[in-house]
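One structure below.
A, B and C are the chain letters, set down in written order, and residue numbers restart from 1 in every chain.
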Amino acid sequence: MSEIQRPAPGSAPGSAPGPASGPRGSLGVLAALDRRWIYLAMALAVAIPMLAPVRLPIVISKEVEAFHREIEALAPGDQVLFSFDYEPDVMAELDPMTEAILDRLFAKGIQVIAMTNYAGGVGIGQARLEAAARRHGKTYGTDYVFLGYNPDWSGTMLRLGESIKATFPVDQFGRPTAEIPLLATCDAYRDIELLVSIAGSQLSEFWAAYAGARYGQRMVSGNTAIQAIFIYPFYQSGQIKGFLGGLKGAAEYETLIERPAFGVRGMGSQSAGHLLIVALVIAGNVGYFLMRRKGLLQGNRLRAVERKGRS
Amino acid sequence: MIQRTLPIAFAIVFGVFMLAQYFVPHPWVARGYNTVLDWKQIVFGCTLTLGVFSLLRFHGRKLLRRDPGALFSGVALVSCIATVLAGIFFGIEGGPYRWLFERVQAPMQATLFSMLAFFVASASYRAFRARSAHATILLVAGCIVMLGRVPAGDILGFDAGGARYSLAGIASWILDIPNLAAKRGILIGVGLGMISTSLRIILGVERAYLGQSRSGGGGS
Amino acid sequence: MRRPYNPLMLVRPGSRRHVLLMAAAILLAAAPRATGEEAAADTTAAAARRWFATERLPTFVPLVLFASLVGGFILAARGGRNLFVRRIAGLDAIDEAIGRATEMGRPILFSPGLDEMDQPATVAAINILGQIAEKSASYDHRVSVLNRDPIVMSVAQDVVRSGYLRAGRPDLFREEDVFYVTYSQFGYAAGVAGFMVRTRPAANFFLGHFYAESLVMAETGQATGAIQIAGTDSDAQLPFFITACDYTLIGEELYAASVYLAREPLLLGSLKAQDMAKLLVIIFILLGVAAGFLGVNMDFWAAASGAGG
């Protein structure tokens, strides 16, 4: 259970009590920095490395290496089910890995069957597929297909194990899937070599449960950094063969396939942002402990006498 | 009577069937399973229309009554209808529909999500205090993982005996061992909770989905 | 008035048996039949006509065991046996929060999370909502419920209406108090944040399953000075709720809280069964660790569970 931190009505703990009433000088600044300064610092920490890129060394982690091995094990002509399980909100974090993976798949001559479990994923999937196809001269219907969006995600995951054409009678553009050449010999998980789920939610875990556990579908995933933490148990047990975690995962994969792009470029901003947060945590704790030593704190709140301006 | 009993009967019959079909690979059962999945897709599609009508009704009522914030309700309604009409008349592969998605919806959603960076920074500064031994361990582990997940963590380290010791390595250990153990424990607990709730729904014990709350010691 | 003729004269129209027979009839009617080529294919696939997937035995046995535990404890609870559930501290704060909102004359906000109605966290949240609605109605105060899912909204409307009715204040219910915001994740967060900034609720309840938007809502609520009580089984969001909220129900405390409030013997029984199952899992884990140290070969289990179970 969390500690009680009941704010007085209209105020919040940690906000600046005001120059007339709070502790003076640097101690006051450390203890109660206005959150707007924090917002400004974060904005600068992220923006400056974007404008003046810093190239940082990228060390490859074992889960990204495993992901890479799975992709490299595919042979030309193999079919991959690619699920765009994210919406524009996490586009900045997941698009770099999506573009890198699609480029690698098309470069290897892999056939891509794409779909999405989010309504907002339709625009993303369509745009990324078309861009990658243009870069590699791929033809719709023969080299890749976009099945589109189905509102019932759990039913879709299960139904794909029985029949892709029954699950998606038409593709995103209204063309009957029975007429698409790529799907002529591919109609269920048993015909698909690898499932790639790019997700900003728990959908990768559900793919592992529905497609992996029930139908034995081999899969890898790409996830936001916070979601990647939950993929570790699935990776360790072998249910997910490899995964990319967040923008760093994208940067590592771009490094592996020798295609540095936004993932690598974004490492400067991400490093600066993380360093700022650690610095803020340290500063907040230093201020907190100094205030406690000076007897200015009762529990975790300023004493009433201090709030009245007497030090 | 019908309003209460029929949904419960459906929940029991279809719940038991879907549970049983996982263990029965017989083609007859497989066909029934596929039929249920087809119907599930149809029903799910219908629930989306329920959401749209609810949205239109709520904002339309606010607009007609000229309640506070009615202007924003008007914006919501106009945006919703305009997007639908753009898709119907100009198609969804390009034109205004795609423009609205790429130039309006996508930047707005990404902007809202990006606010999290500021909120996390503010919350970290304000609330992450080393008040106790547990809090200190949490704080230190959090800082190590935060630094270890960026290239800065690879840089902050030293070489010894032919091996590289860095914050990234420590972060990796934290994620692989204690984090994984805790996540697995939580997964098991939540999984058992989900099975328990699902069994209650299948057995007709849990009726919250019918709007029958069980508060006040009675149950209905 | 004569009743309409009912060919199913064996059952009374509208009775439970009638309803179950109708459901079974619909199921049979909807079941596809094998004809022609399908029938021929069935004949040739005789090896697939198994009535039990033996490779899924490692899943079946624990499931039967757990279901037996649930059934056993439910029977014990029905038989009047007293099943202890520890006091959940965060629930005491609910009364305090509702009282504070009433004194200040400011709204109460409830968010049942972002998941659908079939998820256990949402079910637990809705159960607690009923309690909150009844308590606030007894103080002559209303609850605003902001929903992301239209079905959850419908259920929440019924639950709030029932809560007000139990408190003897059905007149308090307004449909516009329990409304649908949007299905979009951050659109919902923006809607909740905007509601908090405009109406400045005195008490915020975030109970259910949440995702990345949790910190946006919790921080905004914290800045408006509301007392905040959160509960979620989404452990990625727990750190954010713990830092921004006054009380947080962690993980399964949310499920336990809904059972604790209801005090329904059947729900208590299932909660005890969950605890017992967790104990069994711990025992098996320890046995597995011991077997690993002793070098005992556990491959039979891996072989049984590896083939699609």
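As a working rule, a contact is a pair of C-beta atoms (placed from the backbone, for glycine too) under 8 Å apart; a residue touches a chain by one contact, two chains touch by 3 or more.
Being a predicted model, the structure only gives us computed values, none of them experimental.
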Open item on the list: Once you draw an edge for every pair of touching chains, what topology comes out, line, ring, star, complete or other?
Closed with: complete
TODO: Just grab the chain with the largest centre-to-centre distance to chain C, centres being mean Cα coordinates.
DONE: A
Open item on the list: Using CA atoms only, can you tell me which chain is the most central one in this structure?
Closed with: B
Open item on the list: Can you compute the centre-to-centre distance for chain B and chain C, using the mean CA position of each chain? Integer Å is fine.
Closed with: 14
- [ ] List the centre-to-centre spacing of chain A and chain C in whole Å, with centres computed as mean CA coordinates.
- [x] 27
Open item on the list: Nearest whole angstrom, what separates the Cα centre of chain A from the Cα centre of chain B?
Closed with: 14
Task: Shared-contact residues (touching 2 or more other chains) in chain B - done: 22, 34, 47-48, 109, 112-113, 120, 122, 126-128, 183
Task: Multi-chain contact sites of chain C, meaning residues that touch two or more partners - done: 184, 186, 212, 243
- [ ] Mind pulling the residue numbers of chain A that touch at least two other chains?
- [x] 5, 12, 87, 89-90, 120, 214, 229-230
- [ ] Show which residues of chain A lie in contact with chain B when the two form their complex.
- [x] 3, 5, 12-14, 33, 35, 38-39, 41-43, 46, 56-59, 61, 87-92, 120, 122-124, 126-127, 150-152, 155-156, 158-159, 162-163, 166-167, 173, 214, 225, 229-230, 232-233, 236, 245-246, 248, 251, 267, 270-271, 273-278, 280-285, 288-289, 300
TODO: Flag every residue of chain B that touches chain A in the complex, lowest number first.
DONE: 22, 30, 33-34, 37-38, 40-41, 44-45, 47-48, 92-93, 98, 101-102, 105-107, 109-110, 112-114, 117-118, 120-122, 124-131, 139, 142-143, 146-147, 149-152, 154-155, 166, 168, 172, 175-176, 179-180, 183-184, 187
TODO: Could you pull out which chain C residues touch chain A in their complex?
DONE: 89-90, 104, 184-186, 202, 211-212, 222-225, 227, 236, 241-243, 245-248, 250, 308-309
- [ ] Using the touch definition up top, name the residues of chain B that touch chain C in the complex.
- [x] 1-2, 5-6, 9-10, 13-14, 17, 22-28, 31-32, 34-35, 39, 47-48, 50-51, 54-55, 58, 61, 68-69, 109, 112-113, 115-116, 119-120, 122-123, 126-128, 183, 186, 188-190, 192-201, 205-206, 208-220
Task: Contact footprint of chain C on chain A as seen in their complex - done: 1-2, 4-12, 87, 89-90, 120, 200-201, 213-216, 224, 226-227, 229-230
